[in-house]
Amino acid sequence: MSEYNRVVIPIGPQHPSLKEPGCFTVTLDGEKIVDVVVGIGYNHRGLEKACESRNYIQIIYLLERICGICSHTHTTAFCQGVEELAGISIPRRAAYIRVIVAEIERLHSHLLWLGVAAHEIGFDTMFMYAWRDREAVLDILAAVGGNRVNYGINTIGGVRRDIDDSLRQDILKMTDALQEQVKYYQELALTETTLAARLAGIGKLSGEDALKYGAVGPVIRASGIDFDIRAVDPYAVYAEIPFKVITDTHADVFGRTVVRILELLESIEIIRFCIKNMPDGDIVTKAPRRIPAGEVISRTEAPRGEDIHYIRSNGTERPDRVRVRAPSEANWHAMRHMLLGQYLADAPITIAAIDPCFSCTDRAIVINSGRETELMDWPRLRQYSIDWYKKRGIDVASIKIPERRMYF
Amino acid sequence: MIKSAPGKITNMAVKHFFKKPATISYPKGEMHIAGNYRGKLTYDPTNCNGCGMCMRYCPSNAITVINEGTKEERKMKASLKIAQCIFCCQCVDSCPRKCLYYTQNIDLSSLNKDELVVQL
Amino acid sequence: MILGLLKIIVFPGFMFLTVYGLLFEYLDRKVHARLQNRIGPPWYQPLADFLKLIGKETIIPADANKTIFQILPVVSLAAVAAAFVYVPVFGKASIASFQGDLIVVLYFLSIPTMCLFLAGWYSRSVYSTLGSVRTLTQMFAYEVPLFMALLAPALIAKTWSVTGMTAFYAEHPLYILINIPAFIVALIAGQGKLERVPFDTPEAETEIVAGPLVEYSGRLLALFRIAVDCELVMVASLVSAIFLPFMTGHAILDFILYLVKTVAVLLFLALMRSVMARLRVEQMVHFCWKYLTPIAILQIIVNLLVRGGLGL
Amino acid sequence: MQTEEAIIHKLAEKFSILKDKLYVQRSKRIISEFLTREEFEQVLPYLRDKMGFYRASHVVGTDEGEDLGFIYLLTNDEGIILALKEKAPKSDPKISSLSGDYPSLEFHERELVSLFGAEVEGLPAGPSYPLPDGWPEGNYPLRKEWNPEYFDQNTMTYNPPIDDKEKEGGKK
């Protein structure tokens, strides 16, 4: 009986709840989800192939554009991998600046997530507040790096820009104001009934399953497993910084919300510590142009989880192979498991709760004709489409469009 | 599950009702950008020796520096494809003679496609 | 006769209703924005949206039933306009009234919801079908408490006419205090009727795009939107007529009082939609049957007792 | 806590084939040499069941000239990454799917199919990832011999120049 009642609903590739293209073909029995097919790959841009034809400096900017949110973490992973290959160590001040920017980025990413999650469950006021607070963070990032999302802080051998005293004061001021707000969100998330009604018990993922499906970041930490690359495999100066790995045992969307909010507070503490203990000195050491042959696996803790870069060099100016395992890529596998048996109404928030980044998953195209990126104007685009169909045996130009009927 | 009256954010919302909005009415309001925001490049040809480091490291092949004069009497010209520039300013860092600078000029849109390639 | 027609068409009838509806939409959006620390739209935004939609091409899905698809927005708007005739706006009495018009008003108010359901159903799109099923499910949840909450005051007033109830409570303002629980139930159920957060499951943007209206475009959508705006005015007017029947006896002052009362109701509705998250449809049904309906039933019992006790 | 050296020692003791094929690159990183499919399948169950490497972070495909390389990044509880490498000739690029034991590898294995042309035996049917459905057969972009300049996006065909010399002069 229920077989006949099933409805297949596509969520995506274009859907208001998804900010990027992804297709979830959901089979519904009434409002209950009985099957899901996760279709991703719409954003594949051939980044890895592009890396093989570029030099290391150019790749930094390419990798920075993998993702608009966690641009810094990708370049950090790449740069520290290349530094390891080249056998250079970066100045301590540079490492501190990397950590500060990484943590400000985490603030920015988690606030963005908080807003998106609130929007998914129709709580627009919290969405607006979270994004308003995020603006202050973005302003700081723009002041530190020179741009709002692609800060361009990292370079091989250190960082490109220093954080001077006035900027440090600005950052401290921002963190003070933000801390107050985040504490408010914490209280709100823990006590607001409608939020709890929509978040608790949704997208269950037990710790065992989280390990099995290879979940990372706040998703696995919300399942009670304290897996954080900053603690497990410390990079930059994280080994010197005292911080807690936030975990939660709710193992659902509510737990992920709590973990992210607490991580915001923890990040603020890390930023304060770094600002206070930042040593003086250079911010960059000279890196060779040709990187010695070798291979390296570099890991960072992105706002969304563990980011793995595999880099293999062959002694030339260009790498032999670059592979980015972005955090979202790891979290997709558990998605089907989390969605099954839930209501359709909970699908958007469950998808949003892993903080999916489709661009990260699919990574960067440069399979364009030649070196020049082509820009098509409207007539050419139209001609192109006519030709495209003609090649397939349909002559669009000959089809008569029926006269427009007026209704009313 | 927590049992309490919904609408915990009401206090905050009502407070904000009487506060100045956080947004601006864009074309009319004032836009604020940070002091060292990376915008359009400028070029000072006096020191340039035409080493091409900027072109070599440009991730998007946006900048072109050519010598229009002879080898002895240099006449350096730089052009920038604004549509392709990603404003990373790596060229500024790479330039050994410090001939390139960035400005805070970010309002670069144009209705004409030809204006998207500019002489610096 | 001509005066009556003018009353129905221009003021305080249809024209006033639409203009006030657009104004209400502006106020609603502006207040919503200010509560969220934003600037919000300029005053002409709803009108501009309406005019823009009027100018757009109307697309009708190939699978849809064309006649029904086009008729529904008009029926929806007409039903709201017809209901508005029975609510006192200017002066003590409404344009028309008879014994039992409260029931008629409630039925007229159900028609837009039914239209929304049919609109979604005949659009033949998965999102709109889901949306219309949710519309209907939600209707079964809020309709009962809303009706009971509105009928409870009628028990004391001993009249089934909106005008009569207003007149009765204007004379005996203290009786309003008895009806406060019903007032709250009516406001919350009204929010459900208007399909606004936290009860906007039928058109939940992030889940099913726009629900029943997903296939609508151009002037048909414009009509539906104006019908929704008018419904907002209608609910605010009805609630303020029954539960806030303060009168001065002077027609113009009463009209100003009417504006103040309806805007106050709107402010409350706007605040409500700003401070909550959207409930799931089964949570909404649960909430309505578990909390709203018992309160409404209790109100009816109390009102019957009061009526008996006071010997009215 | 197992140290990296202890893990290597234990593995080398158990499997003679692994002798001198594993080395510690730095702390938390153990890298292996390329193994054949038989060797790999022999070692993997032991690593998963007995050594605690039950998480698979990723599989990196590489082009090793005549062969395709597959680098499995396995992680244990202490966060030690063991990069176990497998090799298959391009002429017969068959590997078996690990998506049953490590569900976290499913999309990565699809990617090996799309981008490297590996034949992953036992991979459940599903949408092609990450290349679109209409992508022409036989085009594996991440193999070194595939040059994006010869790919015509309009016709979706790959047209390498016939003259070998011209190919040499092409983009490297």
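So that you can tell them apart, the chains are marked A, B, C and D in the order they are listed, and the count of residues begins at 1 in each.
Keep this in mind: a contact is a pair of C-beta atoms (placed from the backbone, for glycine too) under 8 Å apart; a residue touches a chain by one contact, two chains touch by 3 or more.
Not measured: the values here are computed from a predicted model.
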item: A-C against B-C, pair bridged by the larger set of C-beta contacts; value: A-C
item: Averaged-CA centre spacing for the pair chain D and chain B, given as whole angstrom; value: 40
item: Whole-Å gap between the CA centroids of chain A and chain C; value: 43
item: Centre-of-Cα separation between chain C and chain B, whole angstrom; value: 51
item: Length of the line joining the C-alpha centres of chain A and chain B, rounded to whole Å; value: 23
item: Overlap residues in chain A, where contacts from two or more other chains coincide; value: 125-126, 129, 132, 192, 194, 197
item: Residue list for chain C, restricted to those that touch at least two other chains; value: 35-38, 198, 274-276
item: Shared-contact residues (touching 2 or more other chains) in chain D; value: none
item: In contact (per the touch rule at the top): chain pairs; value: A-B, A-C, A-D, B-C
item: Of all residues in chain C, those that touch chain B in their complex; value: 31, 33-40, 198, 271-272, 274-276
item: Complex contacts: residues of chain D adjacent to chain A; value: 25-26, 28-29, 31, 54-58, 60-63, 71, 73, 78-79, 81, 83, 102-108, 115, 126-132, 141-142, 144, 148-149, 151-155, 171-172
item: Touching residues on chain A, where the partner in the complex is chain B; value: 54-55, 57-62, 64-65, 125-126, 129, 132, 135, 139, 142-143, 146-147, 150, 152, 155, 160-161, 184, 187-188, 190-194, 196-197, 200, 371, 373, 375, 377
item: Touching residues (chain side chain B, partner chain C) in the complex; value: 6-10, 13-14, 16-17, 19, 21-25
item: Complex contacts: residues of chain A adjacent to chain D; value: 37, 39-41, 44, 46, 48-49, 52-53, 84, 211-214, 227, 229, 232-233, 295-297, 299, 306, 308, 310, 312, 321, 323, 325, 329-330, 332-333, 362-363, 366-370, 384, 387-388, 391
